[in-house]
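Look for chain A in each of the two complexes below; its partner is chain B in the first and chain C in the second.
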Partner chain A sequence: MTIKKISKDAFGKFVDGLIKQQKVMGPCAKGDRFEFEQLDSSSQLRLDYDVTLRPPNRKYFLPPVETLLTCEVGGGYQSVYDDTEFVLLGIHPYDLAALNQMDQIFSRDNYDTHYMKRRLAATIIACDVVTPSKDVFAASMGTATAEAGFDVLLTDIGDSYLMETGSPKGEKLIEKAQGAVDAAAGDLEKRKNIWKENQGRLSKHKLNCSSSYLPKLLEKAYSHPVWEEKAKTCFSCGSCNQVCPTCYCFNVQDDVSWDFTKGTRQRAWDGCLLDGFTKVAGEHEFRKKREDRFRHRLYRKGKYVPEKLGTKTPACVGCGRCVSACLPDIANPVNIYNRLIDDLGLE
Partner chain B sequence: MSKPRIAIFDFACCEGCQLQIVNLEEELLDLIDAVDVVEWREAMSEQSHEYDIAIIEGSITRPEDEKRIEVIRSRAKILIALGACATIGGVNKLKNNFDLADVKKCVYGKSADMPHLDTALTKALDEVVKVDYKIHGCPIDRKEFTYIVRSLLMGKTPDIPLYPVCVECKAKGNPCLWDEGQVCLGPIIRAGCGARCPSFGFRCFGCRGYVDNPNVNAAKDIIEKYGLTTDVLKSKMLLFGSMQEPTNA
Partner chain C sequence: MIKQNTVEKDIYLPQLATVKKAAMLNETELYLHLAMDGQPLDYVPGQFVEVSLAGIGEAPVTIASSPTFKDGFELVIRKVGTVTNAVHKLQPGDKLGIRGAFGKGVYPVEEAKGRNIIFICGGIGLVPQRSFINYVLDNRADYGDVIILLGTKCQSQRFFLDELKAWSQRSDIQFIETVDQGEDCWKGNVGVVTTLIPKIKSKLASAVIPVCGPPVMYKFVLMALQEYELPHENIYLNLERKMKCGVGKCGHCQINHSYVCMDGPVFKYSDLGVMPEAI
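On to the complex of A and B.
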């Protein structure tokens, strides 16, 4: 592990150098919001962003729509992969936690070659949060700062960035950074303070229990009235799913050419809140009620996924996107989990 | 295998959805290679009473239209409603908000009472006959049209979204227009358009009709949250959502 310090000017030149060699995706302004885009120049980079509209991990590793294969009558099928090298620059610790979780999901039981080829071709430069978003609650989910899972971690310490490497890939990358010097003890102290401050700053909503307690809390909450109460005003619009960095469900659809000799198979983002999400053959639908779908999302985040992966971290990383995106204001996981704690108590 | 025979008919409409089919350009040749088009007033002179699939643009606005659509229905194995006028009544349903005598007078002036200008309340096709498939939108989306036709030719049920426009809008990374002060109908209107209007900064006008199960309670809630009145929301729904279940706005 190396920790270097680089002035913001020199960092800009370093990024411009990277852009000449490969695709670099970073946070850019989109109106008064932010979104990860491919950079043409380091001047577009907004590392002071609060949160991006779409989670970068999904946008780049599980894109909204992708072609999985093409086929031809008598010609078999060909899988379609994208393994173009690129740098994902500026991903916040909470989205990084989501990325690392998604890596496990897509590599464990069924190794997803489409996802993993893109993932292995990417270099991840994470960045500590400079501006907290209005609904971020990463501190409650243990994702306000990052300890691992990055190739390089950036921290803005005023006129410079600290760059910590987390992998040989990261080491190799920052060798190219002209003007970077070894970080001094005082710089590390500054970074430690920023991490400490971010625990408080990234806490716009506060969960009244340890996030590792959520599976146990939900064990006794299946029949709680909160699901029906909240779902009364749920549009089932799936906005909470679509903006979530840990939602990974997709739907697969086939299409054919007009002469019916060629076909393509695509997958697209799906969401468990949506009407028809659980529709199966014979028109059977096992979560037809709004409240059942509403409950399912909170169970995925708090119980099913952490239990599946055997981790203490929930599948909610506290980015707050669902809180901001939900028009009737019912999606906030912290409000729901706290309500359950109030009613059911902590053991 | 003989090619399926397709006939395309129109009722009260602007013919813009048929124009979208003509506008398929090169792909139109693929379409007419795959099917046998036996009648299509907008694009050819021939006529036929024998067809497997009837594609209908327009809404039903006169008693004689009802008779005509019933005859078409009896001849077709599959009947497809093409575009908002056919699927939900469309802009034509605005008329249902007013007294019919006033409407006629407003449009036809002195000739309003001529018998051939008689008019009735506007109906979507499925208020008169059984509709097998709906191709939504004003106008229809060409890609969706060709996908649906190909699916039917393969004997496969096309996948038409049950979910609202927000899904496609969020997937595109659009900022929410409600945050920008627009009264967007995205949360209750059927997707499939790729959130075309919101992607260009215009609120959803609702041309694809309501989702099967729109949450009217939720709509009332956000009216309060954003300091609006029910009348404001109703006025935004008027263009495509007039006098329709479940809101009857």
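On to the complex of A and C.
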């Protein structure tokens, strides 16, 4: 592990150098919001962003629509891969936690070559949060800061950035950063304070239990009235699914060329809140009731996925996007889990 | 750190199979006899495949044949959606894509050895069960009493008529059939499949009981079995869902925490305590 300090000017030049060599995706302003885009110049980069519209881990590794296969009608299939090298620059610790979780999902059991080729071609430069978003609660989910899972971690300490490497790939990358010097003890102290402050600042909603308690809490909450109460005003629009960095459900569909000779098989984001998600031939829908779909999402985040992966980290990373995106304002996981704690107690 | 897999197999890539025989079994059910162009399909009763038609789509279908059937494999496909409608146009010699076989929760071919088996089938639920039934019939000496209960909505929807006739004529198995709605020309039992259960109640106690039918059937079958106080681990339920990807990723087939494509599609009733969405 190396920790270097680089002035913001020099860092801009470093990024411009990277852009000449490979694709660099970073947070840019989009109206009064932010979104990860391919950078043409370091001047577009907004590392002071609060939160992006879409989670960058899903946008780049499990894109909204991707072609898995091409085929000839009546003939065979060929795999389609995208393994273009790129740098994902500026991902926040909570989205990084989601990325690490998704890596587990797509590399375990059945290794997903489409996801993994893209993932292995990427260099991850994470960035500590400078401006907390209005609904972030990463501190409650243990994701306000990052300890691992990045190639490089950036921390804004005022007039410069600290760059910590987390992998040989990261080591190699920052060798190219001209003007970077070894970080001094005082710089590390500054960073430590920022990390400490971020635990408090990234806490706009506060979960009243340890996040590792959620599976246990949900064990006794299946028939709780909160699911029906909240779902009464749910539009089943799936916005909470669409903006979530840990949602990975997808649909697979085929498209055919105009002359019906060639086709493609694509996967596209899907959402368990949407009506029809579990519908099978013959019009039978297994999770027909809105409250059942609503509950399923909260159970996936708090119980099913962490138990599947055998981790203590929930599959909610506290980015707060669903809280901001939900029109009837019922999606906030913290409100729901806290309500369950109030009614069912701890233990 | 994430690890790169050394085997770069695409889990979404179908392998080609050729239609050897295609025949309508009734108005809606198509029988397909298929053979893989490359490596033969390796499967056990209860497993399913993803059937692909290039440019149209993919759908999960449970295998209808027993692995003892060595000449390729068989599927029965109801005409009901985009993919299945297109599948119904296939002719002998046509190609289609196959992925699989999938599913780790399968019929208990080994555990059932030496025991009585009572198959409870509703409508097209006969198809997955047939894989196990034929396996048992091909290894008849390994199993105890074999009883097949079949309920079909109406006479015109019955299929595999030759096989049903052959089962009814065998002396080493008991085959009892009913239709929900009787017609003048139907001389057999009338009523839902659960009405057949009292007829074989003396055999229920220690039997292995595989159940497969439309979603609505399971609750009623379990209710009917309830009064005999059978051990729940003897009852096997085929809980097929929308197994879209077949490899435990896409989320469509999930019953609570469980992915049907990975943990199922066949589940022991005794394992469903933590899966309230199952029935």
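In this text, the second predicted complex is superposed on the first by the 341 of 347 C-alpha atoms of A that agree within 3 Å, B and C clash if a C-alpha of one lies under 4 Å from a C-alpha of the other, contacts with A are read in each partner's own complex, and residues count from 1 in each chain.
In this section, contacts are C-beta pairs under 8 Å (C-beta built on N, C-alpha and C of every residue); 3 or more make two chains touch, one makes a residue touch a chain.
Quick caveat, the model's predicted, so the values are computed rather than measured.
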Touching partner for A:255 - first (chain B), second (chain C), both, neither: both
Partner, of chain C and chain B, that touches more residues belonging to chain A: C
Partner chain in contact with A:75 - chain B first, chain C second, else both or neither: second
Chain B versus chain C as contact partner of A:209, first or second or both or neither: neither
Which superposed partner A:344 touches (first chain B, second chain C, both, neither): neither
Chain B versus chain C as contact partner of A:35, first or second or both or neither: first
Partner chain(s) touched by A:121 [first = chain B, second = chain C, both, neither]: neither
Partner chain(s) touched by A:64 [first = chain B, second = chain C, both, neither]: first
First, second, both or neither for A:328, with chain B first and chain C second: first
Contacts of A:236 with chain B and chain C, given as first, second, both or neither: first
Common ground on chain A, meaning residues reached by chain C in one complex and by chain B in the other: 253, 255-256, 260
Touch list for chain A against partner chain B, complex: 30-31, 33, 35, 53-54, 59, 64-65, 232-239, 242-243, 253, 255-256, 258-260, 268-269, 271, 274-276, 290, 325, 327-329
Residue numbers on chain A that touch chain C, as the complex places them: 68-69, 71-77, 79, 103, 105-107, 109-114, 116, 119-120, 167, 222, 248-257, 260, 262-263, 265, 267, 270, 272, 277-282, 284, 286-287, 292, 296, 299, 303-304, 307-308
Complex contacts: residues of chain B adjacent to chain A: 27, 30-31, 33-34, 146-147, 150, 153-154, 159, 162-164, 166-167, 170-176, 178, 186-188, 211-215, 217-219, 221-222, 225
List of chain C residues in touch with chain A within their complex: 1-5, 7-14, 16, 52-59, 78, 80-81, 84, 94-95, 97, 214-215, 240-242, 244-245, 247-252, 254-257, 262, 276-277
